[in-house]
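Letters A, B, C, D and E name the chains as they come in the text, with residue numbers starting at 1 for each one.
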Amino acid sequence: SMTGCSSKSDTNSGSNSDSGTASGTSDETFVIGGIGPLTGDAASYGISVKQGAEIAVKEINEAGGVKVGDKTMQLELKFEDDQATADKAVTAYNTLMDGGMNVLLGCVTTGSCLAVVDLAKEDNILMLTPSGSAAEITKNDNVFRLCFTDPLQGETMAEHMITDLHYKNIAVIYKNSDEYSTGVYEAFAAKVAELGGTITTAEAFADGEDFNTQLTSIKGTDAEAIFAPIYYNDAAHVVTQAADLSITLPFFGSDGWDGILDTVTDKATVEGATFLSPFFSGEETAADFVANYENAYNTTPDQFAADGYDGVYVFKSALEQAKTTESADLISAMTQIKVDGLTGTGISFSATGEPQKAAKFIKIENGEYAAAK
Amino acid sequence: MKNRQTDKQLIKNIAITIIIFIIVESLLYGGLLSRQFRSLLIPVCINVILAVSLNLTTGFLGELTLGHAGFMSVGAYTGALVTLNMNLPMAIEFPVALFAGGIAAAIFGVIIGVPVLRLRGDYLAIVTLAFGEIIKSIINSMKITNGAMGLSGIELHANYKHFAYVFALTVITIFAIKNMVYSRQGRAVCAIRDNYIAAEAVGISVSRFKVMAFVVAAFFAGIAGVIYSHNVGTLKPTTFDYNKSIEILVIVVLGGMGSIRGSVIAAIILTVLPELLRSADEFRMLLYAIVLIVMMIFNSSQIKQRILSSEILSRLRRVKKEA
Amino acid sequence: MALLEVKNLGISFGGLRAVDDFNISIEKGCLYGLIGPNGAGKTTVFNMLTGVYLPTDGSIILDGNNVVGKNPAQICQSGIARTFQNIRLFGKMSVLDNVKVALHNEYSYSLGSGILHLNKYKKTETAMNERALEILKVFDMNEQAHILSSNLPYGKQRKLEIARALATNPKLLLLDEPAAGMNPNETAELMDTISLIRDKFDITILLIEHDMKLVSGICEQLTVLNFGMVLTTGTPEAVLNDPEVVTAYLGE
Amino acid sequence: MLQNILEQVINGLRSGSIYALIALGYTMVYGIAKMINFAHGDIIMVGAYALYVGLAIFHLPAVGAVLLSIAICTILGVGIERIAYKPLRSAQPLAVLITAIGVSFLLQSLSLLIFGATPIPQASIVGFDGIKIGGISISGITIVTLIVTTICMASLTWFINKTKLGSAMRAVSEDKGAAELMGIDVNKTISLTFAIGSALAAIAGILYVCQYQSLKPTLGAMPGIKAFVAAVLGGIGSVPGAMLGGIILGLIESLSKAYISTELSDAIVFGILVLVLLIKPSGLLGKIRKEKV
Amino acid sequence: MAMLQVTDLEVSYGMIQAIKGISFDVKQGEVIALIGANGAGKTTILHTVTGLLKSKSGKIEFEGKDITKLAGNKIVSLGMAHVPEGRRVFADLSVLENLRLGAYTRKDKQEIEDTLQMIYKRFPRLEERKSQLAGTLSGGEQQMLAMGRALMSHPKIILMDEPSMGLSPIFVSEIFDIIKEISAGGTTVLVVEQNAKKALSIANRAYVLETGKIVLNGAAKELLENDSVKKAYLGE
């Protein structure tokens, strides 16, 4: 069903398309708003979410739309740039409200999420963040989250490394200007201490691509493994430079590591690294999505793209469950749905807004992603 | 004779201010303003305050400053911590926050004043940039500011619902800086810009007035920071990096160095422009860049001179005079 | 006791001894000339007198106080004002404001009253305006008070510099080549103005000039500098007829 | 411990040599055109992408890709100057600064549109593996960068101070009108300055990619700022100063991260910069230019 | 035919018209003086002739070639040198570098070296200070440098803007001797001077400028005797 992109469905999937009525036999359009960085340093995350969501919207519309009660609705995605800043997120949000947004897929970054959660509450809009991982984001009952929280990731990884793999001494490298990285690191450190392990050194960085100093420092400790709760673009520099410095310690990462294989020049540098992710592009279930995505955008989808894609399907489920487009009904429908997505099968949501899905440990073996035992 | 003229000017300015206020308020309460534009009201005011205050150091004192966002962040965090910890009615805690934010930023203005005395030109520019980054880095690693996670849940004492207050603060800033520029102290500052050797030679203490300009500018940047934190409700150290400082500098230069009215107009244009370009989608930043370049070139080009001195304009002026 | 007493003043730039063992004594109310060949060190003497350069040795006593080591602003406040060989106006400010900047220390009010436009501000500003216009009037420039100073023709710019220096209410006024770039008529006019301000403002003037008409016309006392050292001192008649001065400086 | 210190020093050299190379271009353009070319970092980015295009898309040999990159950047630099900076020759210097910022945004958004935001991996073209002394290894790219930077620095110094074109450049930087009266073609001279500066940016971009092996549209922003800081630290306008400033900046960064705090390293680096400038207000090798009164 | 022919020249600064339609000519080998009060427009004329300013209308021809629209550096390389008002030496360059830049358009190394020696002979102070930065020279020394730099190009015509300004009396006479020498060496001279008496005494012809217009012209000797010139410019 994915072959032959008709121009009609193109307009549907494009953001900001102002064609009021969509193709097919739908009576109405349901507007999904999206907010994330499309320009600036964090652009890759927002663009991925947007593109993943576009694929989902296109799929759904081409398959006839969403059945909401006795109506069939077409989806429309309007995605606004916030440059990962709080104040721009607020204007982006208001722009979307002007544009008739029904539900919000966003924001992509934590700071932006925090800036709009109360506005969304005031408007009683269902908000689903694909990737905002700070715990406070879901404090309001209209907000749900698709990714894992920072604490959850940190704790899960600590348990995996200490309880399952019996490491005692672990070095950490994290980005202290980033709330995600810091959040995971802090939970990790607390859990490691609780489980009797030691953090030999926690090396921070703010920006830039040079990690030699931090890695040299780590080399000087008796760490048995390195935990790096950072995004794949930074991680690629870390593993490459570690190989240069002949560091052979195993690497462990957070879900931000997804996509790393396409970012390193030498796959050997990441061999044996393990990270936590709900999704990896090598999975069989993701094959269709990956093919469509590569076809449309010429790159391999990462976890953000998968989050964006799943987010749209979560909304579809909620619409079908609620049988109306009323926000209140959609919000209460959220806790009743189960969605099979790329980032997990049978994803459901607790009343606190958190996703119930299994975390997967992914290990890089022979230059490929593989499910770790 | 001159006094009467300035009085007239003053009345005219006040009248314009009141008219603008009434128009905005009625648009706001009449529901005529889209939500997008509603959410721009406060950022516009913030940028006006920032630009007008930066104009004091960059336009009037003539020193390139790349760390204005640093002062803003000091004010933003101080103000936010005040309201987060006070839990008193807005009428009490918000003024306290404003005052505390302004003063805290002004103190940093004094600290930065020390290198200002020894350095000039690009060396000073780098040092102000460095100060901004140092402030950011320290805020990022402090417990009380919650590090990289930043602060959230700051009460929205300065969002669009409180436009009247923010507008008043903006107007006060504009008048204060304008009056300062036309005072004895402001003249000293301008004299230093035009020729510091001659300024010294007529008995102006160059160091004193350089520091004074930095302190006053920092104070108002701090106020802008407090408004920022109480408009958005969240704070992150990275918001106030040197890109923010440059954004303000762009406004000042585009508006014309040493022109307060220019700063106000440019702040409005450059805040609204990126929003108007939203429909351009992924070409937005590209267009913004092009518009910026074209505006800068136009601004200092012969074409503008020609338009300004053109027949049409002078004829218009003549007509106006005759009427 | 003389108003200005300079003893053994000297300065070096790298290996170059620009001024050496310079001595001068100027009585109150005197119109004193400093002349000498190009590069003799005249401007350098002015720079040391006004704190722009710190002398390597020597003392500068103004009215009983040593001013060596003070910064230019402090020296101005102790009573020495100057003009510059290459004009230094506040180019983006009006003629009036150029003078008002110089009135800064005499007429004062706080930053607060300036920002709030309190009564004190209004009163002081009015007084400043009056005083500034009064000074400009002496130079016949009160009509041009509101023009941008950089738009003035050259001759007027020189005059404005003198007016600005006068506004600091100095005891000693230093003029560095005030007649440079002026034609004979303009120079004659300038001579009148200089004499006039000496009398009207009751000050002492030390000037550098290469125009011998001006020097012999108004100076009462002259010092000739050559290669950084004093060649001779005396009345214009005596000095200008000194054969050494003629060979080193005047020619013919 | 000693070994560790040495290793950290080498880490400092590694990033410092790149800063130094970028700072050379900054200082060159600043020294002559008297403008802080904020788009310099983005020309580096273009140079890096050009290398990638040459290698991965046109499958050129390494030398060809390098030449392509240098050619593209040189043309781009001269073009930017002609279109965006030249109309502002007589405007105040800050106006040009803002236009440069606009050009920087422009280049970034263009490359975002063309190449996307996802980082593109690009392997190093430096085949040389580096040397090992005792237990300490110095990577090939560090050595190559240091050598290239030194050569660029030396030839630039020679060119500016000893050749006729070089003194024409310095004349233009001081007084364009007077330079014209000497028969110097001011426009050509400024174009030449931008050509050299941009070629240096291309070289920096190439070595940057070889060092960090990854491309993204904003890759020039941070090194650009750091190099600007380095150029000022060394004394802006001074070519040897730029090199010295870059290397010292790299060393300070590395050592403060290693032995003081990684969390506060930015604050420390900038703090040291402020201190240095307070002690020596014109940078390490900058001339103190006192205006003659 | 005139070497330099200026016809109906008009020049404006923005809205201010500084030169209001003037014509004059300079013939091969002549010394021409241009005199006028402050702000009359003398500097503006020289700047326009050497291309630093663009004219609003009018025509400038040099050796029969129309140079009105030509870039400044091209005009200079045709053999025109300009000693600008305010000296405009390159402050951060040494005296020697300044002088060498004067010969920028010349190729022959040996000839350049000869000219340099000739200039050192004329201005010994410059040789003494050849490695000093020009910006730290005294006012008069800078004036010598500006003159020497212009002569380094071995020009066919030299334009001088107030060459005696700021010079000591002995040197003022010397400067005028040098101008005579230059002229005797075959170089044409156009000189702007406040010191009208001296200028007229060495010039062949002169033009008197008032607020952007030529009000008087003729043989220098005659102008020296002219009553209105005497009154306005000679201070008699």
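Here is the rule we use: a residue touches a chain if its C-beta (ideal position, glycine included) is under 8 Å from a C-beta of that chain, and two chains touch if they have at least 3 such contacts.
Quick caveat: nothing in here was measured; it's all calculated off a predicted structure.
Asks: Determine the shortest chain-contact distance, in steps, between chain C and chain E.
Replies: The least step count works out to 1.
Asks: Report which interface contains more C-beta contacts, comparing A-B against B-D.
Replies: B-D
Asks: Distance from the CA centroid of chain C to that of chain D, rounded to the nearest Å?
Replies: The answer is 47 Å.
Asks: Could you grab the centroid distance between chain B and chain C? Build each centroid from C-alpha atoms only and quote it in angstrom.
Replies: Centre separation, chain B to chain C: 41 Å.
Asks: In whole angstrom, what separates the CA-based centres of chain A and chain E?
Replies: Here chain A and chain E have centroids separated by 74 Å.
Asks: Which chain E residues touch at least two other chains?
Replies: Correct list: 136.
Asks: Which chain D residues reach two or more other chains?
Replies: 108-109, 112, 263, 265-266, 291, 293
Asks: Where does chain B touch two or more other chains at once, residue-wise?
Replies: Chain B, residues with two or more chain partners: 137, 140-141, 197, 282, 285.
Asks: Give every residue of chain D touching chain E within the complex, in rising order.
Replies: Residues in contact with chain E: 164, 167-168, 170-171, 174-175, 177-186, 287, 289, 291-292.
Asks: Spell out the residues on chain E that touch chain C in their complex, using ranges where they run on.
Replies: Within the complex, chain E contacts chain C at residues 35, 37-39, 86, 125, 136-141, 143-144, 162, 165-174, 194-197, 232-236.
Asks: Enumerate the contact residues on chain E facing chain D in the complex.
Replies: So the residues of chain E touching chain D come out as 50-52, 71-73, 76-77, 81-82, 84, 88-93, 97, 100-102, 104-105, 135-136, 149, 153.
Asks: Quick one: in the complex, what on chain A touches chain B?
Replies: That would be residues 15-16, 38-39, 80-81, 85-87, 90-91, 93-95, 97-98, 111, 114-115, 118, 134, 136, 175-179, 181-183, 206 of chain A.
Asks: If we count contacts the way the header does, which residues on chain B are in touch with chain A in the complex?
Replies: Of all residues in chain B, those touching chain A are 34-36, 38-40, 43, 137, 140-141, 147-150, 152-153, 156, 228, 231-239, 275, 278-279, 281-282, 284-285.
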